[in-house]
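Naming follows writing order (A, B, C, D and E), and every chain is counted from residue 1.
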Amino acid sequence: MSKRHRRTGASMMMRRYTQRAAPGTKPGTIHIPADALPPVIRITCYDSERIEHYQDCKVELIQKLLGKHAVTWIDIVGLGDAEIVQRVGESLGLHPLAMADVVNVPQRSKVEHYRDHVFLVTQLPRLSQSSHVEQISIFAGKDFVLSWRERPSDCFDTVRARIEETGPVIRQSSSDYLLYALLDTVIDTYFPTLEDIGDRLDLLDDEVSQGAASDLVVRVHGVRHDVRLLRRIVWPLREAVEMLSKNHEWFISKETSIYLRDCHDHTVQIIDTLENYREACAELRDLYATEISNRLNEVMKVLTIIATIFIPLSFIAGVYGMNFDPEVSDLNMPELKWHWGYPITLGLMLLVAVVQLMFFRWKGWLGKTTRKQEKT
Amino acid sequence: MSKRHRRTGASMMMRRYTQRAAPGTKPGTIHIPADALPPVIRITCYDSERIEHYQDCKVELIQKLLGKHAVTWIDIVGLGDAEIVQRVGESLGLHPLAMADVVNVPQRSKVEHYRDHVFLVTQLPRLSQSSHVEQISIFAGKDFVLSWRERPSDCFDTVRARIEETGPVIRQSSSDYLLYALLDTVIDTYFPTLEDIGDRLDLLDDEVSQGAASDLVVRVHGVRHDVRLLRRIVWPLREAVEMLSKNHEWFISKETSIYLRDCHDHTVQIIDTLENYREACAELRDLYATEISNRLNEVMKVLTIIATIFIPLSFIAGVYGMNFDPEVSDLNMPELKWHWGYPITLGLMLLVAVVQLMFFRWKGWLGKTTRKQEKT
Amino acid sequence: MSKRHRRTGASMMMRRYTQRAAPGTKPGTIHIPADALPPVIRITCYDSERIEHYQDCKVELIQKLLGKHAVTWIDIVGLGDAEIVQRVGESLGLHPLAMADVVNVPQRSKVEHYRDHVFLVTQLPRLSQSSHVEQISIFAGKDFVLSWRERPSDCFDTVRARIEETGPVIRQSSSDYLLYALLDTVIDTYFPTLEDIGDRLDLLDDEVSQGAASDLVVRVHGVRHDVRLLRRIVWPLREAVEMLSKNHEWFISKETSIYLRDCHDHTVQIIDTLENYREACAELRDLYATEISNRLNEVMKVLTIIATIFIPLSFIAGVYGMNFDPEVSDLNMPELKWHWGYPITLGLMLLVAVVQLMFFRWKGWLGKTTRKQEKT
Amino acid sequence: MSKRHRRTGASMMMRRYTQRAAPGTKPGTIHIPADALPPVIRITCYDSERIEHYQDCKVELIQKLLGKHAVTWIDIVGLGDAEIVQRVGESLGLHPLAMADVVNVPQRSKVEHYRDHVFLVTQLPRLSQSSHVEQISIFAGKDFVLSWRERPSDCFDTVRARIEETGPVIRQSSSDYLLYALLDTVIDTYFPTLEDIGDRLDLLDDEVSQGAASDLVVRVHGVRHDVRLLRRIVWPLREAVEMLSKNHEWFISKETSIYLRDCHDHTVQIIDTLENYREACAELRDLYATEISNRLNEVMKVLTIIATIFIPLSFIAGVYGMNFDPEVSDLNMPELKWHWGYPITLGLMLLVAVVQLMFFRWKGWLGKTTRKQEKT
Amino acid sequence: MSKRHRRTGASMMMRRYTQRAAPGTKPGTIHIPADALPPVIRITCYDSERIEHYQDCKVELIQKLLGKHAVTWIDIVGLGDAEIVQRVGESLGLHPLAMADVVNVPQRSKVEHYRDHVFLVTQLPRLSQSSHVEQISIFAGKDFVLSWRERPSDCFDTVRARIEETGPVIRQSSSDYLLYALLDTVIDTYFPTLEDIGDRLDLLDDEVSQGAASDLVVRVHGVRHDVRLLRRIVWPLREAVEMLSKNHEWFISKETSIYLRDCHDHTVQIIDTLENYREACAELRDLYATEISNRLNEVMKVLTIIATIFIPLSFIAGVYGMNFDPEVSDLNMPELKWHWGYPITLGLMLLVAVVQLMFFRWKGWLGKTTRKQEKT
């Protein structure tokens, strides 16, 4: 159990919305995050006939390649150079406020329409680290798509592979379809993360049923945090995708719009699943709380029953421990002088204990009220 | 009580929304589920005069029959063959994304309008197994209806019987009415399931009143899960049906639209009932928790009262068990030497016990505070 | 307390939404409920000059009278004859789906606009039996109104009396005003039921304040159920009335529309009151739970205090019950041999008890923490 | 603490929405409430030049004065005469349904537009009696304003004084500005009531912090009731004012509309404050519940610790109270015969007690877990 | 821990919405708050070529400078002079109701459109005092911007510095851009406050994990209050900014509108963060409550176990403390005369204690149920 998991909501956010610049600073200023990697630029140009790849390009190449093919896809990884950010923005004619959003991580998922380009920003879960996300910004104009990620990952390799193959629809289509393809890939990345969370919930569920989990509260907290984190990303993403798919004025073709509707359905499914997980977390907590409280109550009850059984016995012993003098009066505890006095007293004690036990059993106080009968 | 019922929400979902394909895969790819049955095709063509049935057809037959009758109903059961799925889609001119949804179970209930056909997908509860659902996809075009189910069942037999009879409106109508008839059948299938859940709730209710149920928490969980499962299906279905009934541009005739409004009313009734069941579940849980806590409190109270009654008695016995020497001083427990000492002491003890009991009764602490008076 | 009241939500619904027909049956089929009464038809025809009453009419009479007066009001009680239902529907040209809703009780409150008639269905609370409702369906066309109730009651007698009098506006108006008059009567029927529930809540409130109610949880459950039942009827009714009052295209005159707005205000008031009752129920439950828990805690505290006071006393008695031999050593409990030994010991015990009591009183543990001070 | 405060929500409503007339009665019938005062009519006519006052007028005067000045303000107090109500309504041409609402107290706040007049009804809190409200109805036509209150109060005196002064805008304006002035006065009346509730909450807050309040639950209930009462009045009032300010078709001038927007802002502020009070009530209750439960737990813990300390001591005393005969065997409690036996035993007991106390202190069980450390 | 933090919601509001004037007072009256500072006026006029600063100006200067430059920015600090407020309003032609809102602190955040100026009012958090806010009102007309703050602060110094520099866009733009710049600065001021709250939550989170915080409830209350305070400011601010950015009819240029959309995004981020903090507060409270209750239960359990172990031992001691006379009968506790009687009895006691301990350990009642296992 890592230290991180012990923390509750606020600190688990990991990345708070911040304004790095002091209040009043000129809008659109580029503030590079402290741990940002140096940007690596990779360009893929294609139309239905040709396809060209350029790795580790310089910014100048963008300008040169732009407009020579149907689609120029600039894929940049790493935010660590303010100058490059600025120059890329200028070569493609992107709005400074949008460029500031690219580096000012994390942004809330959103789509923004500018005069001649569309800007989409969202967060991408990193596979197998369910509570780590990285920001991805996608710009799309008439003949280019610019995707900008924080850290290297292979998530766009399948898209690049699909462009390679001559068959698919992607090569015949314009840049709006590439935008869709990237967005679809981003959204699909959530499904393994959901699976992972689902598996963790199943595991916790089993542990609660077996009554063994003791750090469950903290682990459910962990899951709940991840669910909340994803929810806060996917809710606005859903809105953004809907806005994109409905607003096909100048950029999104009718055909691509149908594909975007499919993307939208996927975000709805993700949200549905997350809502379900959230309810499941709440139920797990309730169930666990009930379990704990039942167990403690059980302990207290058994202990109290033990005490209650012995109390009358001790009283009887106490009575015969009184020092009344049997010799002064034959009313003074003559039992003490009887031949069978002691055995009878012990028998009386046994009887009292047995009667009490039977009474408690008749009342149904002895069985483990909740758990035992459950198992039958 | 099956193992399954012991699980909470997340794992009880049984079927999570998943993307079988890796992120970035080409959209519209057909991924057959592992346990899918091989498809069996059955075709019914009819117009107001003729009716023809074809069982276990090949895919080629579809193309041949299409357009020869007013309505061609292709009813397929089983998803287990990617090639057939693709070829059926192609013969009817269906959109690849929709075909992918047919096999990618489970889908969220939805209606999608394509250029020349309507696609509706939802889940169908399997009778007598309230938490099992199967996916059903219905495509409807101008002169055909395609229904595709996961598993064989007799749920559409009544519709087929109604087509057989020459009288009904169904033979005179176009494919939109058949779409309605199938949808109506699907929605009606929910009512027995609702009845079943209602009966389970009534039973649980009785058991709580009689104070006997001990695995109730888990069984209420089971019911709640089923309610939640159905809710998550029927909510989007309601929207889909509303969309369908309001959007009668080119496909749904005015008359069929009135019938669809009736369908819509039924989904609203289902949702109403489910909301009611949900509240009833919550109340049952509350009631049960109160019951359990009252019972435990009762036990603790009685035990504490027993202890409290004996404590002063034991004290008295303790006092007369002190070894002060009555012979040294006539102030040292002269009672020990009295003729009536012992009986008086016992009487004193009895008196103390009775006084305590009367005090407790006067305070109203002896009756079972909640349950006993309830029954009067 | 009737058995019925012991049940929680699900079973208290009394009447679930059901589809009596098997899934797939032809829509619009008339299914008579098992306990339905045979229909009794009563017709009142009037215009500003004439008024005619016909009791226990046959269905044929409807056709004959229709169109001869400004308004023909057919008032039917009892649903028990499928043929009559069908023939009445046919004589007035009503839609089969609406006729099916008339007998398929209970329906959710709704208004439906057909080509030449309006169909309104809702539930009517039966006076003095707050949790019994009966269904009432009203059809209104250009020159007729058809009201169809489940059971005989006098709720429309005042309307009939108002028609009798020559003065009122009702005789000069067309069928839309009669529709309003009937709807207004139906809505007004809720107010005595609300009064009744309010009185029950007041009574419960008093009992909680006096701390006497013990079956309160169950009775609050009963009230809550009734409130929920009414809520589920009146919410959709409000929508239906609003829809009716706003949609005065061809049927509702401007003047009647103002009256319908008044109806709408009444439904809003009913809903407001029901929301208020709902909150009051929740508060009563909370208050009662607090009360119960406080009382139990009080008991436990008093008992524990009694025990705590005696424990040190018993200890002292135990010490002097030890058998150290004072004769062996003068350190061995010389008190036993003292002249004032026993009285001093008793005094010591008294002192310990008094000191403890004073300590507890100083700590404020002796007063009934919550209730006693409350009364001052 | 008055009896009234002990009641919960339902009964505290004081005034339920009721229909005094039997169901089915003719709409617009005037039903005078039982405790209504006889109406007193006061008329103020003014235009920019003249101003005339008439006190204790007869109804006939209204007709005479109407139309002779720019604005005729009829201010009536008291609802106790059905005939006067009817005749006033007729002289001004008001709708019978609106007149029925004037006397049928309480009405939900609302604005209604009739052909040539506007009808506004709301509740007015009575100063210094925060849970008493009275109904106020305002009608405004082209050249008249009719305000009708239940009981005499001085709340409109400031408006009358403002009319007296020649300077203000009110004399130059038409009747819509007078309507605004009255409405503004009504809304401003809520602020002292809010202040009063705020003060009560502050007081309760202080008492909870000092741990002294014991009837707090009931008093918080009282505040909560008042908040809820006001909320239920102001919410629909806000809507009504918004509707009025936005709907300046024929009656509200553009300039007055700006003033009404200000009124609307005030209602929003009132609602904001009430929402805040509601949350504060909930927090106070939680805090108090925590306080009570902590205190009780503290008591139980201390008592249990006392008992636990003495139990081993009593056991030791019990051991040496056993009657084993030291003379039979030198293994039989030789301690009894030792010279230091008794002191050693007492020492042993002391040691056990001290060890226990130290253990408990080390465990941190002795300090008042929550409250003491809080104060540091 | 300051006294302030001990208070709950209602009193923590610090500033309630109030109407200082008596109900019925003429609207638009200027009521100066008691503690207001005297106003200090500072004017900055600029266009793309010139820039002029005037400090500590008189009101008359406004009139003189107005219209001579592209933008005249009047920045006033302090509300303490009714005459100056009135004269400033008159020189700029501002609406009296808006001027009244400037001094009537606090106002709910809002934007109001007047004929030739826009009025925006909101609250500004004071840095490093997270629960203190001050009101800021901004008026913007065609060629002027008036900002009016309650107290001196340096929050607009960066804007003034940006105007100084000749480069930036601000000098070329019209007054709408200055309005944006000020608003952006105001909104950015929230981020450090959010950071501060986030840090406090992290601290509390750590303390809860370490189980040490005892005044946590009160401190969480404090944070929650601040969150609620900010929420109540930022929610309406978000609406206001949205309204401003969407409503660019005559005043906001298309370009500035894009910048305002950025502002709007920031308010959404602030709200998002605040919602997150709110949830985190709730979770912290839950976690703390669980912690406290677990700890207390632990104590009670250990104490009860101690008692339970000793009770049978005391009983055994009690038995051998009975005074049955072994000499009368050899059945009367012959053990007392045995050579090994006492050691055997002690052994028996030890055995009973050990058996009990083992039983409890086997049952798992001895470990700290929740916390210890957590750490492993």
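By our rule, a contact is a pair of C-beta atoms (placed from the backbone, for glycine too) under 8 Å apart; a residue touches a chain by one contact, two chains touch by 3 or more.
Computed from a prediction, not measured in an experiment: that's the story for all the values here.
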> Which chains does chain A share as contact partners with chain D?
Replying inline: E
>> Validating interface symmetry: for the copies chain D and chain E, is the fraction of residue numbers used by both over half? Same or different.
In response: different
> How many angstrom lie between the CA centroids of chain C and chain E, rounded to a whole number?
Replying inline: 41
> Roughly how far is chain A from chain B, going centre to centre by Cα mean, in whole Å?
Replying inline: 25
> Where does chain E touch two or more other chains at once, residue-wise?
Replying inline: 300, 304, 307, 311, 314, 318, 321-323, 333
> Round the ring, starting at chain D and heading to chain E first, what is the chain order?
Replying inline: D, E, A, B, C
> Where on chain D is chain C touching in the complex?
Replying inline: 1, 6-11, 13, 16-19, 21-27, 95, 97, 108, 110, 112, 114, 214-215, 217-218, 221, 228, 232, 289, 292, 295-296, 299-300, 303-304, 306-307, 310-311, 313-314, 317-318, 320-323, 326, 333, 335-343, 345-346, 349
> What part of chain D is in contact with chain E in the complex they form?
Replying inline: 155-159, 161-162, 168, 181, 184-185, 188-189, 191-192, 194-195, 198, 201-202, 205-206, 208-209, 258-259, 261-262, 265-266, 268-270, 272-273, 276-277, 279-280, 283-284, 287, 290, 294, 297, 300-301, 304-305, 307-308, 311-312, 314-315, 318-319, 321-325, 328-329, 331-333, 363, 365, 369-370, 373-374
